[in-house]
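Two complexes are shown next, each including subunit A; its partner changes from subunit B in the first to subunit C in the second.
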Partner chain A sequence: MPVLFLMVPLCGIFLLNLPKRSIAAKFASWLVGLICVLLGVLAATSQMACWKPFNEAFVLPFSDLLSVDWFSAVMLFTIAMVTTAANAVGFDGEDRKKVLARSLLLICLTGMNGIVMVRDLMSVYVFLEITAVSCFVLIAIDQKIEALGGAFKYYILSGVATFAILIANAFVFMNVGSLQFADIQAALADAAAGDGALDLKISLVLFVIGLCVKAGVAPFHGWLPDAHASAPSAVSVLLSGVVIKVAGAYLILRLANEVFVEQPAARLALMVLGAFSIAVGAFGAIAQHDMKRVLAFSSVSQMGYIVLAAGLGSTLALMGAVVHIVNHAMFKSLLFVNAAAVKEQTGTTELDELGGLTERMPMTGWTSVVGLLSAAGLPPTSGFWSKLLIIMALFMADRWVFAIIALGMSIVTLGYLLMLQRNVFFGKLHAGLEELREARKSLTITALALATLTSVVGLAFPVLFYLLSQMGYV
Partner chain B sequence: MSEWMILLPILVPAAGAGVVFLLPKQLTAIQQAVAMLTAAAGLAITILLFGRELTFTKNWVGFGIYFDLRLYSFSAMILIVAAFAFLTVLYASVYMKDRGFSRSFYGFVLLATSFVSGAMLANNLVLMLFFWEGLLGILFALVYTGGREASQTAIKALVINGCADLCLILGVCITGWQAATFTMDQISLPLMNYWTTFGFVMMMIGAIGKAGSMPFHSWIPDAATDTNAAFMAFLPAALDKILGIYFLARMTLDLFVVIPGSKMSHTMMIIGCITIIFAVLMALIQKDYRKLLGYHAVSQVGYMILGIGTALTVGIVGGLFHMVNNALYKGCLFFTAGSVEMQTGTTDLKVLGGLGRKMPVTFAGFMVAALSITGVPPFNGFFSKELIFDAALQSNVIYFVIAAAGAFCTAASFLKLGHTVYFGEAPRNLRDTREAPWPILVPIVVLAFACALFGAYNVLPLQYLIEPILGERLHHTYSGLPHSWLLPAISAVILVLAVLNHRYGVKKSGKPVGAVDHIHHARPLRSLYDYAEAGSFDPYKGVSSMLESLAIILMGIDRLIDWVYTGFATGIATLVADGIGRVHIGKHWMYVLWTLAGAVVVIAIVFGIGG
Partner chain C sequence: MAIDSMVMIMFVLLALLLVAVLATVVVRNLLGSAILLAVTSTVVALILFVLEMKLAAVMELAVCAGLVTAIYASAISLSKPEQDEKRNVKAENRAWILRHLALPLILIALAVLVVFLVPQVPIDFGTAADAAGGAAGAASPTVQTVLWDLRMVDILSLALLILAGVLGVAALIGKREEK
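Up next, the complex of A and B:
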């Protein structure tokens, strides 16, 4: 069954690139949407008993197991959800570009699905590269100067990350003789935990650096605001919504808690970086003058929360981190979808040229308010729970300095989100926008669906959580 | 009675709100009917539940967080919330007619009722936090949809309450951590160590922030003018005051062991006193009906905090009684303000006059409520204020003096208000003013009657509603007449002084609206007033200008870096024709450098601690 998550998107790519491009272009969005929904349903049901007989190990060329546990299932679902949203935002341009972009979207989807299912470091590396390369091209697909610049920066810093992760893999392989998660963990447990070898430490440092670059955690975030803000709308949704989480946060969580367990120093490093990132992202966002850049900096800040919780590593913190990944995926894609709507209808995302849009674009405006509330961590939206869980976990673990930073920064978060809300959606309609109309259906429906999901998850979170724990997911 | 009954006060209004929101905009009459029925049903349920004890516990999030509701003597106060929701909906059915937004008003009032009930019934700190935080959004929506120009005020309310709520979250986390449980009736922390005190302070900030005391008050007077009277009557009775004071009392009584005369007790009393005196001084000089009431809404919270802050039984009883009374008379006053506004089209005191004969029922309601708030026997405000005075005097005479000074100013400002609006000759353009329709008058009359009843027969509220809350701490009842005659005598002197002052002021300025101008222009107070009017005491304004300058500074740094790299890059750009590189060559280098700097930090941590 897990192999479906790789094969279905790949088949999609073949279908898209059959001869007769005009037909492919016409049905491309439906095809990709169908694939995403299919994978989403598959992910949601993947832990049910009916899949058990088909859930056997599948061997990849580099002798790897693919498996879907509850964490993978959550991630697979999130990936499918955000890709659906990105697909709904769509691409403009001639047929060739449309087909190309959607093919790349499917490649990216394959890469991300791979990352969350594989259980060895080499395959992780391979799928990371698949994801990253498809993203470089996607960012620059419109061939605009800023986008090319953004893609270039992403490319350079991804290069650093690739370098770090490869070398780290080499060190681990030297030390353990295998790159399977289980083998590494066993070897580390045997090695009389504690006085750890030098090469292990080097590989830890390199993993932290590489994955933090991928996650866009400050001070490794340099590429993120430029790449996310300059990318085409659909790609922004994809990047901020899910790529940084799968390539960065997910791997950090997985490695820190299933592979390199019992490494207090590396955990502390993650927590320091997380707290720093929360602050840098939040303050950075205040100084921005462009809606998409504010949102991009906000991603830096929110990734900080996830990495902070990943570094702490208590059960409550891990729960908080996983839930925050899902929540952030929901509200950040929602906000980027709405940024796309704003861009399409007004031609700009500059804060100074916007204002009072709720009057003319009620759906966009009010769904954005839901997204902003969730980002600020106010109930009844889902963001409230994950932030609360993370902060509570920090207190429970006596890490009150980090807890106070995390909580204090949410004031700044509230500040920049209100700024965004006031400058874009509320207040007086900006001069020259009198003719403004609501965005097209596919955008508003996507936004509405995501906003509904955000509020429903927020209201029903404890119930969901309880059900999950009853079913043995947690 | 099934334990599920306890969910009804939460679910019924929420369901009603859902229906109201789903109905099409045009069906105003049906929305009204649904809202009215739901509010009535909610009231009936809470009456039915009154006096019972129920608990409802379900597994929720795990980690010690249960969906745990408890109905007992204290949380039975949801009765007041439900009653006010009903009166407000009734009032709004006429008042909101031409204002637009009526659907969202009904919906959010019902939703607020549901959430307040949830927060008061909650027996788990995190569950309470859930409802409490949810109210933040609802409050924002209520203010936002409350008036045409209210969006600024709404954002202000959201930010101020948001900051207070963050403190509350911190307080809840610390308290749960220290007590090792989130179940409220299992927590009883002595304020011994640094952490519990910190947790207490943080929670206290959350509670008084919700109640709208200084320095979290500045959105309330704004809301009083920018939103509508129905909302302003609903607000203290059923939303912020009741919840904030309820939680403050719950903290002092149950969650923490506060010793009378301890530092925390004094902190609360000082906050209470500052709130009383500053807000009432501001109220004194207002020239707008609603704004004047808005400042009084803040000032009265000061009395409640002062009473509860004493941590004495008499003070807590007084504080809670005052909260109930304030809900009644402040609701009534705002309703009269709305009635006057509806019939005359204005709330400006310089324009109003002589309405007593034109609007007799409104006038009678106003008189009863005004006599209550100024503390004239036998109305309810008198009894609760005397209890608070008693507690303040037992703690420290200074608190009593400030509270008494507050009482003087309250009396003076209501003399001015009543005299201006209802007495004298009606100005020419108000000659044809008529009495308001009955849905407006019913809430006014009901509340005025309740003010008189709760005063003359104070056994009813005290022995049935408030004193059971204190349980074993209570040694004798505080109902009936005050036990000593000294305090009422001082209060009487204060009232007489206020009347004399009013006569002097009217004579001096020649018109009732100027009755307190001599205080306004008294030398030491004048500059203080000027500062306050200019917003200098408004912390929200201070912070937003600070944030703005911070953003400017950060922007400056950003520009500086940008300039350095743009300048640097232009050197190379003469060699590279392509314009892409011009900005970015420098930049990705910078990012890589950042990465290297980060790497150094990571290495330092990993090797520094592990090695």
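Up next, the complex of A and C:
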């Protein structure tokens, strides 16, 4: 059954690139949407017993090299959800470009699905590259000078990450003779008990540095604001919504949970990186004058919370991190969808040229309020609960300094997001925007769906948490 | 202090590699850059050969130095500048030579790949695989076993990576439709 997560999008790419491009262009968005919904349903039901007969009846090639556990299933669902949102935002231009962009969107989706299903460092590397290559092109697809610059920066820093990851893979293979997560964890445990394999530890540090570049964690975040702000709106949704999480945060969490189990130094290093990223992202966002750049810096900060929790590694922290990945995917996709709506209707995302948009774009305005409140971590939205879990886990582990940084920076986050809300959506309507109209339906419906999901998850979370604790997961 | 001759050779090769890589990036002529890239790949192949990774060396030489260079050179030679007629004639001559050079190069590269991939060529994983034990280390697996059994996911994903590259090139530098 895991093979379906790779094969279904591949079939979609095949169908999109059949002759008669005009027909493909007409149905491309529906086809990609359908594939995403299908994958979302598959992910949501993947842990159910109903798939057991199917798995036993159809043993497809390389089924044993892929696996889907609860964490993978959550990530697969998140990937499908955000890709649906990105697809709904859509791409401008001629038919040919639309079809190519959606083909690349499906390749990116396949790459991310692969990352969350493999348990081998080399396979992780190859799927990371697939995701990165499709993202370079998607960022630059409009061929605007800023977008080309953003893609180039991403390309260069991604090259550095690739270098670090490949060197790490070589060292790990030399030491362990395998690149499977379980074998590396066993080798690290032996190293901790004996004299210790220094180069094995160095290689894992290199691997984590590579992943931090991909996740946009400070101080490796140089590419992120430019790439996210200059990319076409659909690609911004995809990048901020899910790519940085799957290519960076997810893998850091997986490594922290399955490889660094007995590595206190590595865990502390991750926590320091996380706290630093929270602060850099939050202060960086204050200084921005563009809506998309504020949201991009906010992503750097939010990634910090996930890395901080991954470093702590307690059950509560890991749960907080996973929930924060899903929450951030929801509210950041929502905010970027609305940024796309603002850009489409006003022609700009510069804060100085916007104001009072809720008056003319009520749906965009009010759904943004939900997203901004969730990003700021205010109850009863979903963002509140994940931040609360992470900060509680830090206090419970007596990590006071990190807890205070996380708490303090969430107040700074609240400050800059409220400022963003006031500058863009509230106050007096900016001169020249009198003729403004609400965004197109595909954008408003996507925003409404994501805002509803953010609110419902927020309201239902206490019940969900109680059920999980009763089942023994927390 | 006597330095091992192999270490000396390795240092020389690494220095050569550095020069070739820098030259590839710095040169402003596309064809020159492609040829220097082939030189880089050849040096990498030599390094791999010195490190006794013969199969990897052959692959590097056949695919990166041969096949890829042939494709680059063909593409460059087929695109001709519009403004200068004399240069067009030169470009056509060059295109003819390269087309006739490219085809044999591609065929040789493919032949090398077929020779190495199709028969059951054993690969010696050395101490690393012995340490790992299990299916990979118990007996030296063939290229086919490695590619189609042990690393099937990677093969599929590499095919996908190439597809991403092709679609990327089509999206960024492909011919635009006329409105």
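As a convention for this text, the second predicted complex is superposed on the first by the 446 of 474 C-alpha atoms of A that agree within 3 Å, B and C clash if a C-alpha of one lies under 4 Å from a C-alpha of the other, contacts with A are read in each partner's own complex, and residues count from 1 in each chain.
What we mean here is this: a residue touches a chain if its C-beta (ideal position, glycine included) is under 8 Å from a C-beta of that chain, and two chains touch if they have at least 3 such contacts.
Quick caveat, the model's predicted, so the values are computed rather than measured.
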With the two complexes overlaid on their shared chain, look at subunit A and say whether subunit B and subunit C clash or fit.
-> fit
In degrees, rounded to a multiple of 10, the angle subunit B-subunit A-subunit C between CA centres equals 160
Partner chain in contact with A:L65 - subunit B first, subunit C second, else both or neither | second
Should A:L104 be classified as contacting the first partner (subunit B), the second (subunit C), both, or neither?
-> second
Pick one for A:S236: touches subunit B only (first), subunit C only (second), both, or neither.
-> neither
Should A:N113 be classified as contacting the first partner (subunit B), the second (subunit C), both, or neither?
-> neither
If you stack the two complexes on chain A, which partner ends up touching A:I145: first (subunit B), second (subunit C), both, or neither?
-> first
Given the superposition on chain A, which partner contacts more residues in subunit A: subunit B or subunit C?
-> B
Once the shared chain is lined up, is A:S178 touching subunit B (first), subunit C (second), both, or neither of them?
-> second
In whole Å, subunit B and subunit C in the superposition are separated at their closest C-alpha atoms by 11
Both partners, subunit B and subunit C, contact subunit A at residues none
What residues on subunit B touch subunit A, complex-wise?
-> 59-63, 65, 67, 126, 129-130, 133-134, 136-137, 151, 155, 158-159, 162-163, 166, 169-170, 173-174, 176-177, 547, 550-551, 554-555, 558, 579-580, 583-584, 587-588, 590-592, 594-595, 597-599, 601-603, 605-611
Which part of subunit A faces subunit C closely enough to touch in the complex?
-> 6, 10, 13, 61-62, 65-66, 94-97, 100-101, 103-104, 107, 110-111, 114, 118, 120, 122-123, 126-127, 129-130, 133-134, 136-137, 140-141, 143, 173-174, 176-178, 183
Can you list the subunit C residues touching subunit A in their complex?
-> 125, 127-134, 136-137, 151-154, 156-158, 160-161, 163-165, 167-168, 170-172, 174, 176-177, 179
Where on subunit A does subunit B make contact in their complex?
-> 145, 148-149, 152-153, 156-157, 160, 196, 201, 204-205, 208-209, 212-213, 218-220, 222-223, 226, 263-266, 268-269, 272-273, 283-284, 286-287, 315-316, 373, 376, 378-380, 384-385, 388, 391-392, 395-396, 400, 403-404, 407-408, 410-411, 414-415, 418, 421-422, 426-427, 461-462, 465-466, 469
